[in-house]
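Each of the next two complexes has chain A plus one more chain, namely chain B in the first and chain C in the second.
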Partner chain A sequence: MMLLAAFDFDWHAFFFMFFALLTCGFALAVLFTSNIVRMAFYLILSLGASAGLFFLAGAEFVGAMQLMIYVGGTLVLLIFGVMLTAQSRFVTMKTSSGEWVMALVLGGALLFLLLTAAFRVGDWRTGHPNPANVGLAESKTTTQIGMGFTGVRVDKLDAPEGSTLVSGMSGYLLPFVIVSVHLLVVLVGAAYMARTKRRASSAGVGA
Partner chain B sequence: MIGISPVSVSHYLVVGAVLFVTGAVCMATKRNALGVLMGVELVINGANLNFIAFGSKYLRVESLGLDGQLIALFVIVLAAAEAAVALAIALNFYNNHATIDVDQASELKG
Partner chain C sequence: MAEFFQQIWDSFFQTSSESPGAIAYLVAAVIHCVLIIHVVAVGALIFIWMERKISGRIQDRLGPTRVGGAFGWLQTLADGIKLIAKEDITPKDADAMLFKAAPYVGFAASYCAYIALPFSDGWVAQHMNTAVFFILAVLGIEVFSPILAGYASGSKWSLFGAMREAAQVVSYEVPLGMCVVVPCMICGTLNLVTIGNMQAGSFTNWLAFNDPFTFIVACVYFTCATASVNRAPFDLAEAESELVAGFHTEYSGLRWSFFFMAEYGSMFLVSGLAAILFFGGWHGPIPIAEPIAGVLSLVVEPLLNFGRYVVGFVVGDLGQVTEGVVATQIANLMGCLNFLVKGTIGVTVMMWVRWTLPRLRIDQVMTTCLKYCVPIAAFGFLGALVWQVNDLPTSNDMPVIGKNRFEVRESWVYQAEKELRTTSGDQKSSPDDQQPPFDPHQATGSTELVPQGAFVMKGGAR
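Let's turn to the complex of A and B:
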């Protein structure tokens, strides 16, 4: 540890650069490959690398959820969709060059707009003067997130009286319940919609 | 040494912007319906990265705090629900029309 500190090397910037380049590079690979199977694989790598950025920003619980729900769940679902529809004529579908030019011009303009906006606010640009001074106990957020979902904000116990943090309405208990019921309804509906239907004409043969 | 020290919110916003634009162009150019879905995932992930950056204590003195992470978790769950429904629609389309090309989905055209 002391050996590493002696070099005075900014590991935060190094790992940020590493994960950022992986994330952006594989996202561009998703865009520029026309093979649907490779797109799915590059998407997994891009989202996995962005989980590294989440860890780097101190959101270790969200980073773990990104890996488990997104990479482990949503993308497996997408890959099942790819496998179920991967007939040879759908694996590689070329886009016409006119559409490429149009989309890249519009995308470039949008990217230019967003990049100028990202560096416009001084408070966003300067960064934390001394990130090493953030306490280790302050950085452990899993308990605080769990308490926040049950309606108690342990990270804002010292909020002044009469602020917007009204007792009983400050946490995320109601959105948490709503989103869980929403997920249940959506999964039931998706299973209902995606089930194999028997064609009326082939009912006598297939049944 | 790398030129971006200290890492700030703006650098995270750049990565989020690249993910967002890539996803939007992906949605516009892909002809495979599942490719369009992957573009949606990229866009959602770019927005999520911005929530995490604004909620991080290591990038700004006055950060959004825990709210950024909580909203990011909700976004992840809603993205999972969205992917399930969109995939069910795509599979239904494939079963009924024997194609996954979004250009062929013109039955509802007026």
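Let's turn to the complex of A and C:
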């Protein structure tokens, strides 16, 4: 029984480490592969593992969004594009040393920025939380996100009147609508461009 | 379920703990995983047999008749043994790593989506608040399996199949998402357990029969679901008359069978999702489960108590079974059977369609999606929205059947509004103190609302 009780470790931290290692490991694999489709495959795994981190933190909606948009949307289009444009059978990318240096400088700057930002978060610098207090995260964030988009900040209802919230200006309704209209315009534009091209080429054939 | 195992652990080792420990979670997780694996694998076993029998009957043949008796019901097992014994070939031109990984990607995605699919009230591996969204997202990942397989095989037939598959699945996700939004809008939640429970009662309460638009949307959903799991008449990616076998041309043996396990797994998954979203989930057409469960529990409960009494001599006093738990669990079991039957009916319809309709051309597949399914789904969505907003009568309001109007349409916004109306009715003395149209505090608190007075089966095994 003592042996079994020893297994009662901090599984929350364990899974965090597990998913974090998967994310970073496959991100490195993306870096060191030269075949584009293999890169995309490693990117799927890396992004999927980071979605796992979101699920672990109780942000189900964000995790599923990560899977749907980045993995299910962007990467499918990426592979699709590679397959349509590939000249040879397996496309490989050759990186010159100059590109390596540029990428290292850019990536290093971004990493530095993120690390300094991360170490400024006060809660992240205190010691380990008591594992007994860390239960399963309550995953009821969807409603809050949705209400935030429609202009009601559920998380700030207890804030004193007039302190930070201006009535009608506190939510994310305006950015949400702007982004939606933007996407609609992009869709209409894409359809329009696809149509005009075909018409021009068919007119050229006719002439 | 983890709580349940922690309880057993505590009673066995005479300890007490507030929240389940790692062991309890581990045991619960293993049980969930094993159960879901069996749903996918045994389901594939049965559905492949069914497909053979149904296709045989449709084509005026008998289908398998020899292995395992007159109905050939062990045929799939024999096939499986044959597939295991086959040589595992990797083509010379293939990208070996991706070629080997591709079948597992599809199977893993199909399996993963089952985590959020409830089989009865609360009988779900992970009770998610956004289960619908999660399942759609994970189903979208499944497309990588054919794409990677087609690309890595190093064969032009495979590559053509993969490109068709990518184009088709990416297009069909649009109308599929639109159709799924409609039940979520009517119920006001993305939680599949809540959506299922809101359809308790007779079949008039099912969301497909809520109004004419939802019925149209249910039909469009099923069409798009058939296309998104790559079944005939939309199986362009493996069109054997044009592409040898499409994306799995170069596969053999067990790897090949993983594609089919994934396909049959997702067939049942989308059928089950259709059952929950549109056809009442685990609720039968007539509400008889509760009285039957009540009668059965009169027999089972004393038996269980006697069993606990006997086992109690060995491990210490276990006490009596909690009152009513047996009845709810029996009702849940019947609900699970209901759900399995509904899912199987959906799969059967897919088979029926496959062996009846000829395969579409790729441009016809795209036309069906973009020119028919998307506009019809959008029209159905708008219609259902107008119906909902104007509070028009549903099939449940019919004078003969609708004696008990369950609260299908009372999503949490309506509920909060109703509560506010009653409370503001009490406080008529202070008309200046107007309340806002609805209170987000209540709205967030009541996303888990289940219909009051409806036939509700409270789940134990979460």
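Note that the second predicted complex is superposed on the first by the 137 of 207 C-alpha atoms of A that agree within 3 Å, B and C clash if a C-alpha of one lies under 4 Å from a C-alpha of the other, contacts with A are read in each partner's own complex, and residues count from 1 in each chain.
Please note the rule applied: contacts are C-beta pairs under 8 Å (C-beta built on N, C-alpha and C of every residue); 3 or more make two chains touch, one makes a residue touch a chain.
Remember, it's a predicted structure, so these values are computed and weren't measured experimentally.
Student: For A:Phe61, select first, second, both or neither according to whether it touches chain B, chain C, the two together, or no partner.
Tutor: The answer is both, since A:Phe61 touches chain B and chain C.
Student: For A:Leu84, select first, second, both or neither according to whether it touches chain B, chain C, the two together, or no partner.
Tutor: After superposing on A, A:Leu84 lies in contact with both chain B and chain C.
Student: Which partner does A:Gly73 reach: the first (chain B), the second (chain C), both, or neither?
Tutor: In the superposition, A:Gly73 touches chain B and chain C alike.
Student: Of chain B and chain C, which one contacts the greater number of residues in chain A?
Tutor: Counting contacted residues of chain A, the larger count belongs to B.
Student: So, A:Met17: does it touch chain B (first), chain C (second), both, or neither?
Tutor: Only chain B is touched by A:Met17; chain C is not.
Student: Quick check for you: in the superposed arrangement, does A:Val188 touch first (chain B), second (chain C), both or neither?
Tutor: neither
Student: I'd like to know which partner A:Gly107 touches here: chain B for first, chain C for second, both or neither.
Tutor: In the superposition, A:Gly107 contacts chain B only.
Student: For A:Gln144 in the superposed arrangement: first (chain B), second (chain C), both or neither?
Tutor: Both partners, chain B and chain C.
Student: Between chain B (first) and chain C (second), which, if any, makes contact with A:Val177: first, second, both or neither?
Tutor: Once the two structures are laid over each other on A, A:Val177 reaches no partner at all.
Student: Overlap the chain B and chain C contact sets on chain A and report the shared residues.
Tutor: 9, 61, 65, 73, 75, 77, 80, 84, 90, 139, 144
Student: Considering only the defined contacts, which chain A positions touch chain C in the complex?
Tutor: Residues 1, 4, 7-9, 11, 35, 37-38, 41, 44, 48, 60-61, 63-65, 67-68, 71-73, 75-77, 79-80, 83-84, 89-90, 132, 135, 139-140, 142-144, 147, 152, 154, 157 of chain A touch chain C in their complex.
Student: For chain A, which residues are in contact with chain B within the complex?
Tutor: 9-10, 12-14, 16-17, 20, 23-24, 27-28, 30-31, 36, 39-40, 43, 46-47, 50, 53-54, 56-59, 61-62, 65-66, 69-70, 73-75, 77-78, 80-82, 84-85, 90, 93-95, 99-100, 103-104, 106-107, 110-111, 114-115, 117-119, 123-129, 131, 134, 138-139, 141, 144-145, 148-149, 153, 155-156, 172, 175, 179, 182-183, 186-187, 189-191, 193-194, 196-197
Student: Would you mind writing out the residues of chain C in touch with chain A in their complex?
Tutor: Residues 13, 18-19, 21-23, 25, 93, 95, 97-98, 101, 128-130, 133-134, 136-138, 140-141, 143-144, 147-148, 151-152, 154, 159, 162-163, 166-167, 169-170, 173, 190, 440-441, 443-444, 447 of chain C touch chain A in their complex.
Student: Within the complex, which stretch of chain B touches chain A?
Tutor: Within the complex, chain B touches chain A at residues 1-2, 4-15, 17-26, 28-32, 34-35, 37-38, 41-42, 45, 48-49, 52-53, 55-62, 65-66, 68-70, 72-74, 76-81, 83-85, 87-92, 94-95, 99-101.
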